[in-house]
Amino acid sequence: MLVEILYNEEILLHYYKMGLLWSLPSTIEAGQFLMFRVSDGIDPFLRRPFGIYRTISIERGSKKLGGVEILYKVVGKGTGLMAGLRQGHKVDVLGPLGVGFSGFDGDGKLIMVAGGVGIVPFYLLAEGLANKDSRVQLLFGGRCKDDLPGLLDFENLGTEIKISTDNGELGVRGAVTELLKKEVSDDSTVYACGPKGMLKEVARIARERGVPCFVSLDKIMACGMGACLGCAVKVNGRKSRYTAQNLSPYKMVCKDGPVFDAEEIVWKEL
Amino acid sequence: MLVEILYNEEILLHYYKMGLLWSLPSTIEAGQFLMFRVSDGIDPFLRRPFGIYRTISIERGSKKLGGVEILYKVVGKGTGLMAGLRQGHKVDVLGPLGVGFSGFDGDGKLIMVAGGVGIVPFYLLAEGLANKDSRVQLLFGGRCKDDLPGLLDFENLGTEIKISTDNGELGVRGAVTELLKKEVSDDSTVYACGPKGMLKEVARIARERGVPCFVSLDKIMACGMGACLGCAVKVNGRKSRYTAQNLSPYKMVCKDGPVFDAEEIVWKEL
Amino acid sequence: MHKVNNNISQPDLTVNVAGIKLKNPVMTASGTFGYGEEYEPYLDLNRLGGIIVKGISMEPREGNSPPRIVETAAGMLNSIGLQNVGVEVFVDQKLPFLRKYDTAVIVNFFGDSIEEYCEVANILGAVDGIAGLEMNISCPNKQEGWLEFGTRPDLTFKVTNAVRKKTDLPLIVKLSPNVTDISTIAKAAEDGGADGLSLINTITGMAVNIENRRPMLANIIGGLSGPAIKPVALRMVWQVAGKVSLPLIGVGGIMTAEDAIEFIIAGASAIQIGTANFLDPSVSIKVLSGVEDYLIKNRVKRIDSLIGSLET
Amino acid sequence: MHKVNNNISQPDLTVNVAGIKLKNPVMTASGTFGYGEEYEPYLDLNRLGGIIVKGISMEPREGNSPPRIVETAAGMLNSIGLQNVGVEVFVDQKLPFLRKYDTAVIVNFFGDSIEEYCEVANILGAVDGIAGLEMNISCPNKQEGWLEFGTRPDLTFKVTNAVRKKTDLPLIVKLSPNVTDISTIAKAAEDGGADGLSLINTITGMAVNIENRRPMLANIIGGLSGPAIKPVALRMVWQVAGKVSLPLIGVGGIMTAEDAIEFIIAGASAIQIGTANFLDPSVSIKVLSGVEDYLIKNRVKRIDSLIGSLET
């Protein structure tokens, strides 16, 4: 699907927000993603997955049009090219894809743990819960204060936020998982997105405390729709012999995820 | 060599002029070319050769800087990408490369025969001869009046120009080679650049009339400097056994050319 | 057969490949199009000449440990490890969806012994809604020290010949490109009783993570696919076209109609689109209409007359 | 040997390949760097670990009819057809230029019979300024129905063994990737007396012009090079590293320092840069400094310790 770039701005060093003129169904789940074709040609070759940060709406003439905002970090060739794209340019996107966060039923406290660009799936969620009377808390960790993209957006929503930075520039010094240890209580549900090491530790803490935990995983993807079987992640409790229910020891991050129940993941093989 | 794009403008449908901030030696020959890397990545893969249309000079602050102008036609992926490049962008070029036109010694009449974008090597030449008292004539053929890029530049130089178009929109209707048949005289030297069919016919006419003829050839190139032996063209009068003078039945368009004495080329194998 | 609409005659795109009549030569390649259902939202499956499903074995297979894919220049490496649901689940749960479409369903299958190949072929032969079988012989043979069947003419002959006796379905053998002499293998498949040949499967390759000095794929080695391998696939189609009289199906790096036409001119009766589906899920339909445009522009009335028309 | 400058220790880049001491592992590949002189304006040839010249035969060769090259996805096909000036002109006119540099000159050579290989090696062995020979065995053998030497272990052994007896120069055999089992060929070269192996040469491929339905190359088939083939080259280096004890030189699709390091980790003692020279004539120097940066960043003191360090 070809959609127009509405804006593409650097919000922090290496972090960008891109607006796309693209109306998505309102049923979109926090944690779903799109597959972005970064080049018209074949270099780089594969599409790149990006979470949907939020939906936006713009006016064009008398019309009100729907849009999508993504928030991305420049880490390599593909994101580097994305950063150079300009307003008005058309880009090829597929989505929304995958299964988002859904384990929190409104009871107790929802703790969202984000590491750096792992903040992305949480905006839609925080927005959806902002005017409900659920208890929602964002624990946001970064290397430094410039590694906390979108922070202002959450402040504007009125989300309760606790921050940690590796260098102590903002919030407490240390890992965001240290915050989690303090904040987690027996009625918590934990959602997490961020680097692998962080997710592992979050899952460990949640297991230790016996609270539900859901994580959004990052795997290299080719198709994004469960066809290539490339983005496999090993899951527990599945026999190596498939049954008629078609169980396999692997699930696909693109189709069965990217959000999984932390208990399901075989963490040592991730 | 990374050089800055000064401008990149469509001058006619599919035809562009690009200015590059690049000081070349003043010894540059008409017909020499540069190798342009159209993409920072590898798609398309090879560099593309373009003739040097003219040198320009620009002022930046108090400095006078040298530049080069190329004139190109969008025919495929590489030139399509070039058309999208903007002022200020840096591009990677190599050159000047090859051997240009040099057979005309000032005696008699120089006839330059150009087909479409084949006009490129002739501007430097016409410019260099403009204030001398050599007799110079440009025969310029195109499919239609919009297929005569740079025509105005030559008019400004005061070059004597005769035009032909396939559809008769401008000048005489028909092939530029028909013009040549009329204009060529015993004291002519013929220079030609354009499609293969045109060059063959030009060479045939020149041979028939017994006048010197030099042509600029177009071959797919990889290295542009005589190293890959990819742009070979079969030449006459060379034994298949090399001699100590290192003669080969092939010459390289990039290094021995792109301009060749028409008599040297084995036309039926071109 | 030729429909004529107001002077413009629609070219005849039908091809007959290995006894399977396809409404057009554009198919999707095994392992890159799931079981069809994954792509259903993105294109009208009815327009495809054929769908070749992910390789099926007797028993379900787990596949390899991740990471299983890595991007390369103009391509990718995969070591999926032939993960699949097994023939039983395929027939019960995947085939019914595909039967709804008027598109040839070709089932790609494999085994790690001749017996397993035969068993799967035998089961599939008794099932409705399958137009043909594509036998993947790029598979290690446990009886021969895990050497791939498709790398040796004798093993290729043996497995083809054995499977031939077990099924009346059109049998297409899919060749491995990782061989010195593709024609000899092709000939062995022909002698073994194949009705057609698909070529090529992926080329074996590798990538290294220089940060941790480990292979990018858990399996170390994977299969290279995408535009990177197109020249090799095309060369093999052309080489084999000159040596066997079987219909050929070209696959390897096809991204555009132009690519597809190159294969047809070189000798392929039909083509498959693999990795390109990942970049654009509806690419197969675009390739199809591009092929049609080419035929119209070049006044080719029947695609048949383009097959193997290379002038050398 | 280790120079220490103000706490920052420069890594030791020297490698010993096949008895040739190189000041660094970055060389330029045969056929892509002419005879060195073409690139002299673009880089300091003294900085290169080695220069491998265009393949030389006994007699001069015309090469194939044009067109000889065509662009492909992430690569190119060439069918230069081994055009070269012949050993006599090479020694008289090309070598003197190269002798001026303090860079190992390795002469790539070939023949269409074992006798021709031996003759060329014999002549080159008596000449000053040559650090070693690289024997291209991707060459058709007129005594064996124009089958390529490098596609059969027996022919590989024979030609290596025969040439071995004719020269005391370090002998590197350059393998063809167009084979089922690269290790067996590598072993044959080792048994024949090679001092080292270069891998890989180009992969055979093809392209078709769909406008005139003719091959893009007059020779129909050409050799694929460039980033497209890197995964295949890397895989072969790794496979061979496990099977022979000879030093390996990796070549195929190297464009960057990262690519070069992948090859070294996979088992290459040195690398060659081929097609990348066409995109950037000074790429070899950039690769070299990138390798140096990597070593410094990763605190690797000697590049030797990186060779074959892949953890599997």
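Every chain is named by a letter (A, B, C and D) in the order it is written, and numbering of its residues begins at 1.
Convention: a residue touches a chain if its C-beta (ideal position, glycine included) is under 8 Å from a C-beta of that chain, and two chains touch if they have at least 3 such contacts.
Given the structure is predicted, the values throughout are model-derived calculations rather than measurements.
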Please report the smallest number of touch steps linking chain A to chain D. 1
Can you name the chain that lies farthest from chain B, using the mean of each chain's Cα atoms as its centre? A
Counting only Cα atoms for the centres, state how far chain A is from chain C in Å. 36
Please tell me the distance, in whole Å, between the geometric centres of chain A and chain B computed from their C-alpha atoms. 54
Going by residue number, chain A touches two or more other chains at 42-44
Which parts of chain C, given as residue numbers and ranges, touch two or more other chains? 72-75, 226-227
Building nodes from the protein chains and edges from chain pairs that touch, which of line, ring, star, complete or other describes the result? complete
Mind pulling up the chain D residues that touch chain B in the complex? 31-34, 38-39, 42, 54, 59-60, 62-63, 65-76, 78, 80, 83, 85-86, 88-89, 92-93, 226-227, 255, 275, 277-281
Interface residues, chain D side, partner chain A - complex: 73-74
Please name which positions on chain B make contact with chain A in the complex. 39, 41-44, 77
Chain C contact footprint on chain A (complex, rising order): 37, 42-47, 92, 94, 219-234, 240-242, 244, 246, 248-250, 255, 269
Along chain C, where are the residues that touch chain D in the complex? 72-75, 77, 151-152, 178-181, 203-208, 210, 212-215, 220-222, 224, 226-232, 234-235, 238, 253, 258, 261-262, 265-266, 294, 309-312
